[in-house]
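Below you'll find a set of structures to go through.
Shared between the two complexes below is subunit A, which has subunit B as its partner in the first and subunit C in the second.
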Partner chain A sequence: MVRPVNKKERQLPFLLLGPALLLMALIVAYPLLQALRLSLFQVSLLKPDAAQFVGMDNYRSLLKDPLFLRSVLNSVMWILGSVSLQFTVGMLGALILNKDFPGRGLVRGLSLIPWATSGVLVALMWTWMLDGNYGVLNDILVKLNIIGQYQPWLAMPTSLGGVIAANVWQGAPFFAVMLLAAIQGVPLELYEAAYIDGANKFNQFWRITVPLIMPTIMITTMLRIIWTANYMDLVLVMTGGGPGQASITLPVLAYITAYERLRVGQGTAMAVLQALMLMVALSLYLKLLQGKEEGGFII
Partner chain B sequence: MKRKAVVLVLALLLINTAFAYGATTVKYLLWLDDPTDRTVHDLVDKFNALHPDINVVMETVPLSNYYDQLLMAISAGAGPDAARFKDWWLGAFHDADLLEDLSPYLEDWPGRDDVIDELWSTGMIPGVDGVYMMPHQFITFYMYYRADWFKEAGLQPPKTFADFLAAAKALTNPAENRYGFGLRGGSGGQDQWLAFMVAGGARIVDEQGNIVINSPKAVEVNQWYIDLFKQHKVAPPSAPTDAYPQVTGAFQAGNTAMMAHHVGSSVMMTQALGREKVGVLPIPSADPAKPATMGTMSGNVVFSTSDVKGAAFKFISWLSETEAMDKWSKSRQGQLPVLKSVAGQEFYVDNEFFKVSIEGGNYAVVWPPLPGVGYVSAYVWQNTMQRALLGEITSKQMLDEIAAALKEAN
Partner chain C sequence: MNSPALIRKWKGCLFLWIPVLLWLTFILFPYGWMLITSLKPPHELYTSPIKYLPSVYTFEGYRLLLETTDFPRFFANSLVVVAGTLLITGVFATSAAYCFSRINFRGKGKFFGLFLATQMFPAVLLVFSLFFIMRKLGILNTRLALIIAHSTFSLPFTTWLLTGFFNAIPRELDEAAIIDGASRWQTFWHVLAPLAAPGLIAGLTYVFIYSWNEFVYALTFTADISARTLPVGLHTFMGEYIIRWDLLTAGGVLTGLPIVVFFMLVQRYLVQGLTAGAVKG
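Take a look at the complex of A and B:
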């Protein structure tokens, strides 16, 4: 027989969760609400007391601003390019690291170095590697006769590609390690059974490995999309958004608007819009992948 | 004996603590070009020892974050009492009533007449009475050139725009990855650009304070500057995004024959290439009868929000007195002294780099203290210059955007 729960016992969970909830309210909810409020004001950091309520004006002016639209487009390319290439390189890395070869432990450890390197350091390293006057990439490509003369990779309208390359180098180990852990969790009997049934290596990978590590793929990709969307260190240090507007992404533009142009309200409105766009994109992404999983992705 | 020494040390500590307790604390914010240099720490210690009633507490912030951090601190009501400051931030801060007028304090300051007269204007705002920044360390842009290459090619150091372009063309050889001029289109390139703009006869504001940076004359000089890269190709292909490390690196590595900078890099250049290979000359001008260059002052300000303005002024004015100024200017982050008594010393007069810089002070043009200058310097100039270099916008469109941003109030 179930004993009726008394009032004190009903309050207990709230009491236990209270400190955590209070902390969340302070460090998550308050800044979030404050950002929403700020985006409705015209405010300069130099004159915080002279803030003016402007309603939705900050949002309206953004939607008409070609630079904002350009930065959204660049952000989409930055996220899609970075995450898809990081995933591909990471998956290849995970499959290689899953094989048995001498010194595997050492290679697994070393492969994490890019992930552990600070963003600004990665940016500086890649800036020099891609340098138009004496960068090592130019040197190699000229010696291999792939290009005729040195190219200013970061001073061309395609500079975002150079920054994406640096991001792929830095971010791929995260995918490699997470996917490797997931792959190692797949029971070997499944591969044996598939082998007996006549499945080749590709079919084993596509029909067994991928479906079973799908939850890991989903969560890591989602995390990387969020991190990459907010990640501005590489762009800021390597190109500053240039040349011109060629590589400006949303967080970089929001930073410049708030701290260089001193329009904090407008900068915050950009951040709010980015959060909204990210929420919509991620909901669609999750729905798509969950649908696939339920629709027979797992054999 | 030992006991006596211990008692003496304790007594001194007690006195020191008592003084520090009763002393007025002045919070001083600054950036250091070379953070490993101890000169400023020593100066602050010396000031505190000489003034037991004042205790200066300094906080250093890297220049790249300086403006942001200063803004954040002021916005949060936790700003410093005094700070190292650039002349082109004056407009925005004065506009927000954050700067203290130093004129009343200067009346009693004995060093007043020792400051080079023309340099007071760098701490003033056109159309506004008062002095808002103590002049402290000054720089003017000049040009480095590879003396050995010029000699080999039988070229004379250029004095005019025409000579400069001819020499740059003669020394450009893309097959050897060698270019005539290290044009800085990336971060911080606006100072070098302004040096050439004013040397070409353009101005940002006229004598009445009207913005004339998009005048036909300015459009013409700007086009000449853009064409160094776009048409004549005497600058490296990476020029649109080259910043300080790339421009100085290319000059030191033998990729460029000329580059513009200031005395702050002279030791590094001569150490990297050898004194005999590094020549220095004033920025060439369109008309040799009208030389001009860009100058910028880093001075010190007192904030109107401070409760200890008098003590804060005492400290920043002490930094601009002979002994402290000489020490700072001779340190690893030294720039040009603003005092006649220091600038006239042999050390500065005999050094070619200091000499050309100090001469430049006679005709240097500074960024006007307009509220939009910070935004133009940090973003608009770089953005529009890069688009102009890549042929996406014209010289006129670039300068129209800059003029609009300069007028933008915060």
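Take a look at the complex of A and C:
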């Protein structure tokens, strides 16, 4: 396209991107730097002017804090448990939705409803369903003879499991719809060829579908890991990290430390460590990915 | 009789409809149970064994919720915050996406990457420095603070979504319009915007969902009912009305309803937008 490059035209990108960049700078970049600084101070949420410089003390005390280690372990369980189960359930959902039946578009639309539901609302529904005295899931599980008597799911040492169940419900549909789109992109001729060669459904799935949708699996899983690692609405609302500290994850501990115990410096130090650990984990994941796949399907 | 055909038909039903029904139950059961609970008379919520269906349906919980609690206020706050966020993100993301899609400038790739990188940072890392910033600006405990935060954090994904939609429209169309003497603005408004309408709908739906549901910033930046949105309101209710599940579930239904209705209207575009990027990569 031949176009006279005048001054106005050259300024256009800045004009168009300007507002967005300004917001990003003010609301993301500046607070990010500010957070790194805050993590070196002892500061209360209520009296930011009385901040006291303590250097690396916040970090040093964390590494000795058993509660911090507990929260890291819980976070690992939270991420692995949630994402692996979301993936499994999501894959089953995708295979179901991939069949041809009347009303499939509607069912696919309904499938995303949990994903579009507020975390607090998910927490509310599941807290009620998991209630120790009147929870409907207790009743169903007893009737199916899976458990002998009602369990106070969110008041037990294993309460994180109850929260993971809610998270699986909320997150599996996202996987299902993403995987479904990828599955539908696999050329049908491949299945026909395999069928002629005598491959059964199971082999077709493992030898054709899975390898061909691997890029989507990898990238969707990565997005889910980032999201789940940082996600704290469910734990905050369903258990508040309890009973005791049984279900406390790293971002929840960081939030409670800063917001309820008002120790902002220490809470922010935890958040910084969380971001660093996530970055290391993701770069390992990306390395692994690049080793396996030749090609630039990422971004 | 052709019994093998009949058996095949039954088998087809079994392997198709049972999984579909199981999947639908999994998806809809929590919502269904919340809806039923909200319509039960209070004493029928706490029975042993559990009574699945109410003897009479009642809207008492809804009446109490709307008349005796701050729920209507939370609802109004949520609407205001969502509307403000839609406006800001809508305009900013559209112009940024147009820029990424249609204008070549130095460092474009880097800027785009920067946009997406902001999605990586956990809310808990930014929320307290933002708290101090909002405090300095004197907008703590206002809906404006939430509009600013929600706009910023929904911008990158919306921009990415829209850029994809704009990129899918052939550049030749713009060029033809420009040769015909249209200005950039006219080209955008009369050529690109109508073609990218599904993308705009998808983007704005995402913004609606994000802002309506957002919890951590809303919880931290608000202190009383003057700015609290629905998620924060529900959260405080869960502390205050611990044994009033009739009220809580009524609030849940009313919170979920707008999202579900809105979502069902436009889900086709959203699914298209979400999956296009992930699959093409």
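As a working rule, the second predicted complex is superposed on the first by the 264 of 299 C-alpha atoms of A that agree within 3 Å, B and C clash if a C-alpha of one lies under 4 Å from a C-alpha of the other, contacts with A are read in each partner's own complex, and residues count from 1 in each chain.
Keep this in mind: a residue touches a chain if its C-beta (ideal position, glycine included) is under 8 Å from a C-beta of that chain, and two chains touch if they have at least 3 such contacts.
Here the structure is a predicted model, which means the values were calculated and not measured.
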| item | value |
| --- | --- |
| Overlay on subunit A: subunit C relative to subunit B, clash or fit | clash |
| Touching partner for A:Leu23 - first (subunit B), second (subunit C), both, neither | second |
| Contacts of A:Ser44 with subunit B and subunit C, given as first, second, both or neither | first |
| Touched partner set for A:Pro31, first subunit B, second subunit C, both or neither | second |
| First (subunit B), second (subunit C), both or neither touched by A:Gly244 | first |
| Partner chain(s) touched by A:Met178 [first = subunit B, second = subunit C, both, neither] | second |
| Partner chain(s) touched by A:Ala155 [first = subunit B, second = subunit C, both, neither] | first |
| Which of subunit B and subunit C A:Tyr134 touches, first, second, both or neither | both |
| When both partners are placed on the shared chain, which of subunit B and subunit C touches more of subunit A | C |
| Interface residues of subunit A shared between complexes with subunit B and subunit C | 45, 48, 133-134, 259 |
| Residues on subunit B engaged by subunit A in the complex (per definition of touch) | 67-68, 71-72, 74-75, 92-93, 95-96, 98, 174-175, 177, 185-187, 236-242, 246, 249-250, 253, 255, 374-375, 378-379, 382-384, 386-387, 389-390, 392, 408, 410 |
| Residues of subunit A that touch subunit C when the two form their complex | 1, 3, 12-13, 16-17, 19-21, 23-24, 26-28, 30-32, 34-35, 38, 45, 48, 89, 92-93, 96-97, 99, 101, 105, 107-114, 116-129, 133-134, 136, 139, 169, 173, 177-178, 180-182, 185, 215-216, 219-220, 226, 229-230, 232-233, 236-237, 251, 254-255, 258-259, 264, 267-268, 271-272, 274-275, 278-279, 297-299 |
| Partner subunit B, residues of subunit A touching it in the complex | 44-48, 131-134, 149-152, 154-155, 157, 159, 239-245, 256, 259-262 |
| Contact set on subunit C toward subunit A in their complex | 16-17, 19-20, 23-24, 26-28, 30-31, 33-34, 37, 45-50, 52, 91-93, 95-96, 98-99, 103, 105, 108, 111, 113-116, 118-133, 135, 148-149, 151-153, 155, 159, 171, 175, 178, 184, 209, 212-213, 215-216, 220, 230-232, 234-235, 238, 245, 248-249, 251-252, 255-256, 259-260, 263-264, 267-268, 270-271, 274-275, 278-279, 281 |
